[in-house]
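Input: structures, listed below.
Heads up, the next two complexes both have chain A, just with different partners, chain B and then chain C.
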Partner chain A sequence: MAEFPSLTRRAALLGAAASGSLLMAGSGAEAQPQRPSELKIGITTFLSGPASVFGVPGRQAADMLIEEINREGGIGGVPLRAFYVDEAPGTDHLVGEYRRLVQSEGVHVMFASISSGSCLACTPLSDELRKTTVLWDCGTQRIFEEARHPFAFRTQGYGTPEILAPLLYLLQHRPDFRTLAVINQDYAWGRDSWELWKTAMDALKPGVRVVAELFPRFNSTDFSTEITRMLALRPDVILSTSWGGELVTLIRQASERRLFERSLFVLPVAEASLPQLGRTMPAGQIIGARGDHWINHPEPRDPQALRRFVEGYRQRTNEWPIYPCHHMAQAMWALRAAYKRAIEAKGGGWPNDQELAQAFRGLEFPTPTATITIREDGQGLEDQIVGLSSHGDRFPYAVPEKMILYPAANVSTPVGQKSTDWLRTLKPEMVQQAGRPLGAG
Partner chain B sequence: MVAWFEQNGLLLGLALLDGLAYAALVFLVAVGLNLVFGVLRILNVAHGSLYAIGAYTAASLGIALAAGGLGPWASLVALVVAAAVVGAVLGPLIEGLILRRIYGQEEVLQLLVTFALFMILEDVQKLVWGVQPVHHDAGLRWLGTVDVPFGGDVIPFTAYQLYVLPGVALLTLAGLAWFLRRTLTGRVIVAVTTDREAATAMGIDARRVFLLTFTFGAALAALGGALSSPTAALVPGIGAQTIVLSFAVVAIAGLGQIEGAALSALMIGLGRSIAVYFAPEFEVVMPYLIMVAVLLVRPQGLFGTTETRRV
Partner chain C sequence: MRRAEPLLALAAAAAMVVAALAAPWLKFVLTIALAKGMAALGIMLLLRAGQVSFGHALYVSFGAYTVAFLAPTLRDSLLLLPVAAAMATALGLVVGLFVSRYRQIFFGMLNLALSMVFFSLLEKLYHITHGTDGIRVALPTMLGQALERTSFEWAIFGVALALALLFGWFARAYLDAPMGQALAGIKTRETRLEFMGVPARHVLLSAYVLSALMAGCGGAIIAMTTRHVTPLLAYWTASGELVFIAILGGAGGVIGPFLGAVTYELVRVYAAAILAEAWQAILGTVLLLVILFAPGGLWGMLAALFRRRRAA
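Coming up: the complex of A and B.
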């Protein structure tokens, strides 16, 4: 009988554990993931609170698109399934839910978020958990300017181009304005967007006098004092990056008190509130959409696809799609394109997290209005269209006319630079060069 | 100082007009909260939900009446009707089913229960009215605007803001003061507020008083919401903002004080509007700065009285 060296029970257990770990590590590095039975997507969005005016339409669009994609056979033959998380309870809750979805539910990809604060909380988790995370709606420029995130990708534009494009439009449309007042919500976006605007305005048109900087409480329902103040000050231009119910209230109260007769409004994110405002929205004001997906886009890349999306959403919800719906669609279409690319790169095999993330970098994917490219830093290049509010017979609410399209590359901060630094370097010649007028409008 | 007033006197006048209208709305909501606390001794977080439901109901009723072909005046009537309906339906329901079970319990439990109710009612609002902004301002537009002279210029104010809101608030204040001091039911409520045990010992039916007071408080919250609906777009979350401000008013006033609520609402309204004109960066914190300042000097509130605690 052969003799074996003596082996304690403790040493045997340690050895077994060590070899098991090595085996698992080896299999992880070379793992060829099996095609799953369903492709799980964790989606963070506002399902309650004031921002649910964006979050719920975003979810409705996601539900519609998932059904549509699944009817067509899913992505790579795998049907999609969504897991929703409400952003409203705050970032602590959100971070916990993100971890739960990745580690317990085993989601294959995360879509996060509407709030910039949520995105700033979730993106580091994508690094830590090495989970591909599509930033589907948040606008903060800080995400890719302050750190590198190899697993995070934004499938739409962001704050800098969304603010710069309306400013360029204003400088072209009303170059002689001399005074300006701002009324933004008192939270991160309201303050950040004003900083972006002010920095760019000081570079492109120095000497504009800011007569009032008003930041009413977030979720205010009364702006009558601020409106009185602006009626008395008579600024040439009033900027507001407010959104949701607050923008609707501001415009209605300003309209009732004839503020629009004294000042020109610039409303970079007006699109989402226009259906609620209906005919109340005064004509001739500068309006933006956080992108190029206006419902009356005169030169969309695929007019049929745009009509199909708009009509499909209307039939399903009895509402007009607003920009979170388009942004959610962009995220879904980007996901489909990235999986297709990754699967092709792997000769038909199902990609792991690393391979999926690689497929996003440099990805080009079509939308009904244009083609979006994901830059090497993860930021999507989405064109911006700005115009003047107008009313016609086609739609029961204001849509833009005299539109100017600003290609994303012209109004986005170059890779590796910070927005405020870049905006300081802008030259007035940019006003005439950055955009091109669109069709009949 | 005199020079400053000469230079800014006109602006102060505008701030006064803005502050009055804002104070009127704040008062209507806060006075209901204060009344309920004074009698039931429950700090009702769900008061904000009653405000929101009052606003939504008024807007829906106004829209329905307009669709039915009634003129814009009907939308103004709808504001009062909506408040009465919300108070009459939800008041007894909430008091009878929920609050009655937690009278005399620990304050933490009472806060948690009413907070839970607030969360439930928030979801009910979303189920019924959705998440997109709801608004109806036919009545406000019908009343038109009033041009207020401002130097060589004029500043348009809505007649609704200038006359209706302060008018309703004044009527409510006067009506409440008369009701509580000149009617038997009002005196019974005051008796229960002052000394519940003694009042009960003298044969007053405290349960009936609680039901009546809560229903009345709920109707006042709904009236505040209904009156705000022609000026505001209604979205989920409006109740939360309102309840926070109402707590500040109640703390400044002293718990259970009607006139105190009016004065503190006025202080908050004027303080806020003056801040917008002369120091906009303080607009958001102004109500709370006033609250802190008052509580540092009078911890029991402006009109509150120190109580002897039985041990």
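Coming up: the complex of A and C.
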């Protein structure tokens, strides 16, 4: 019987862990919640692995904004506190951590995920646990087109406008192109984005010949085969929705072999890789930013706010802010606006989960560059700005010129429709009507 | 210690139920731990024969994707589970016929290669599997009853616990039987087995198929618990995790893998909670400490503790 002491010790350990976590779960969000002592936000982001090029800047932006908001007295007088979760270990870990944060730490709101797979796993959980979940960066169109999620909201654009806007820009900038090649990462986003592009291109400019569909292995470091093939095929246009280190490698290798002299590149997710590329990035290529938050936005809604955000981030990290920083900021600002709205609606009382979610639906909140509206299906309407890469003195890396702003409503799939069905119905007239040129340059 | 195993297993099961009652989120973590423990139990059977499989995530993910694909038609979890188990077993038999000819590093690498082939298929056959986005598993029914979330979580936790006890009991009996005893023969000297008239390949094949069955069940439970499957389940790191768990728990007894799995999951959860960006370092340190100071794993530590007490 001597093994029982060791066993009870283990059981005691578990019991202690369990009761400890119960104690921690103080402020549950029940029907009539008290104003909590702190507003807890669970944030899932990549802290390791290749996608940490997005995840770590996102986290740094969150830390910066939380400090800033807390200095100003928090949200509704309540200071914020973040709990971070690494997305890299996979779905079972992520889903477990989501539950832990909601059920044990008692977070008031979740900010979910850079990876589309993570978002697809988290949104049904938000329905079940009835916890407001802000999808702060992922782009898959499947989220709100395949199901309804009463507690999930996306505070930025998504795949369809982020692909359609660069396509419209291409059709305006180089209407006479005849051949196109695609080189995308071989995983869901690479395939999804190509399907969106192809569907829209077939509707807007039928008859373009696709000379190569290349899907190199995800996390490749060598694109020499693909580059050789494209040098031989000489497509007018090369599309790549790759991101992060892979895009940097692709551009470096392609520019060494002078592929940019033969073909025009369209890079819808280029913005995040541009600071790293520096002057290596060739000029005159079509670049996108997954939104309108270019650092050289010529006519932002609030130029001072944009400058403050950029300078604050530079001072803190000694790096240039990239789009995940802006997306994180949008999520924070949306949260602040939603709480304000919910508290007003309740006459100063602290909102419960249901009331907070109600405040998100139809919410309008300002960003430094524009105003974002959250549609009734939970999707945020973020404008898209596309331009041509150019080098100037202001920034040590490529920024866009000849920018065109595409208002989100013009390039997003209407509520209740599937993106591929909607893209099929597009008419060529759209190319001239959808966007509005920005600034003098 | 061996005689006390069943008692110890029941007591540990009771402790898990208490823990799950006390903290609802632990129920989820423990269900996953039990599922991974099952798969690690299969790995442990192979470890007894001195063979390390770096590819058992193949069967876990095969079981999980079977559930994901069949959930819309079969709907009931008690139908899905045996179907996934049968599919994984069948795959294990086909693959096993081939890999059981090999030993040591060749055995390990071939398993790894095959699981990575499956991983690539899950990623590449995008229009069928949704690639890295993965497939959502709708809430299955239980014995034809549509349960709401919390009761379903309890039900699947119960199923996992019962299955873990069943597999543990079976593996114990199996290891006592001549077929199980012969596994150690493969590890020490295979030719002797052949001289005794025991075909070594059949011995290894039967253990391999059993391990595939256990991993398939584990995968099915993971799919019904997380309710979202992605190709990451088949990635080599997932296989490595199972080997890690088996080593952490120790190959000495059938409770070892479950002990390892529970410890692994709890260490990971708490490490992630304390230091979100350095959980890998904490986990790695734990494994290093176990390898350096307790080569028999956690179970070996418990057993040594017990022996010392008895001697005293």
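Heads up, the rule we're going with is that the second predicted complex is superposed on the first by the 410 of 441 C-alpha atoms of A that agree within 3 Å, B and C clash if a C-alpha of one lies under 4 Å from a C-alpha of the other, contacts with A are read in each partner's own complex, and residues count from 1 in each chain.
Quick note on the criterion: a residue touches a chain if its C-beta (ideal position, glycine included) is under 8 Å from a C-beta of that chain, and two chains touch if they have at least 3 such contacts.
Because the structure is predicted, anything quoted here is derived from the model rather than measured.
Once the two complexes are laid over each other on the shared chain, residue contacts for A:Q285 go to neither chain B nor chain C.
Of the two partner chains placed around the shared chain by superposition, neither chain B nor chain C is touched by A:Q156. In the superposed model, A:L231 lies in contact with chain B only, and not with chain C. Using the contact criterion defined above for the overlaid structures, shared-chain residue A:S240 touches neither chain B nor chain C, since it reaches no partner. Once chain A of one complex is fitted onto chain A of the other, the partner contacts of A:E97 are limited to chain C, with no touch recorded for chain B. Within the superposed three-chain model, A:E128 lies in touch with chain C and out of touch with chain B [touch as defined at top].
In the overlay built on the shared chain, the residue A:T221 is in contact with chain B alone; chain C does not reach it. Look at A:Q384: by the touch rule set out above, it reaches neither chain B nor chain C.
Contacts of A:S48 after superposition on the shared chain: both chain B and chain C are touched. According to the touch criterion, the shared surface of chain A, contacted by chain B in one complex and chain C in the other, consists of residues 48, 186. Within the complex, the chain C residues that touch chain A are 1, 4, 8, 11-12, 15-16, 18-19, 22-26, 28-29, 32, 123-124, 126, 130-134, 136, 149, 222, 225-230, 232-233, 238, 265-266, 268-270, 272-273, 276-277, 279-280, 302, 305-306, 309-310.
In the complex of the two chains, the chain A residues touching chain B come out as 48-50, 52-53, 55-56, 186, 212-217, 219-222, 224-226, 228-229, 231-232, 234, 244-246, 248-249, 252-253, 256-258, 273, 275-276, 319. Every residue of chain B that touches chain A in the complex is listed here, in rising order: 11, 14-15, 17-19, 21-22, 25, 122-123, 126, 130-133, 135, 137, 140-141, 145, 150, 153, 155-158, 161, 228, 231-238, 240-241, 272-273, 276-277, 280-281, 283-284.
Considering their complex, residues 2-4, 6-7, 10-11, 14-15, 17-19, 21-22, 47-48, 83-86, 89-93, 95-97, 99-100, 102-104, 115-117, 120-121, 124, 128, 140, 142, 186-189, 191-192, 218 of chain A touch chain C.
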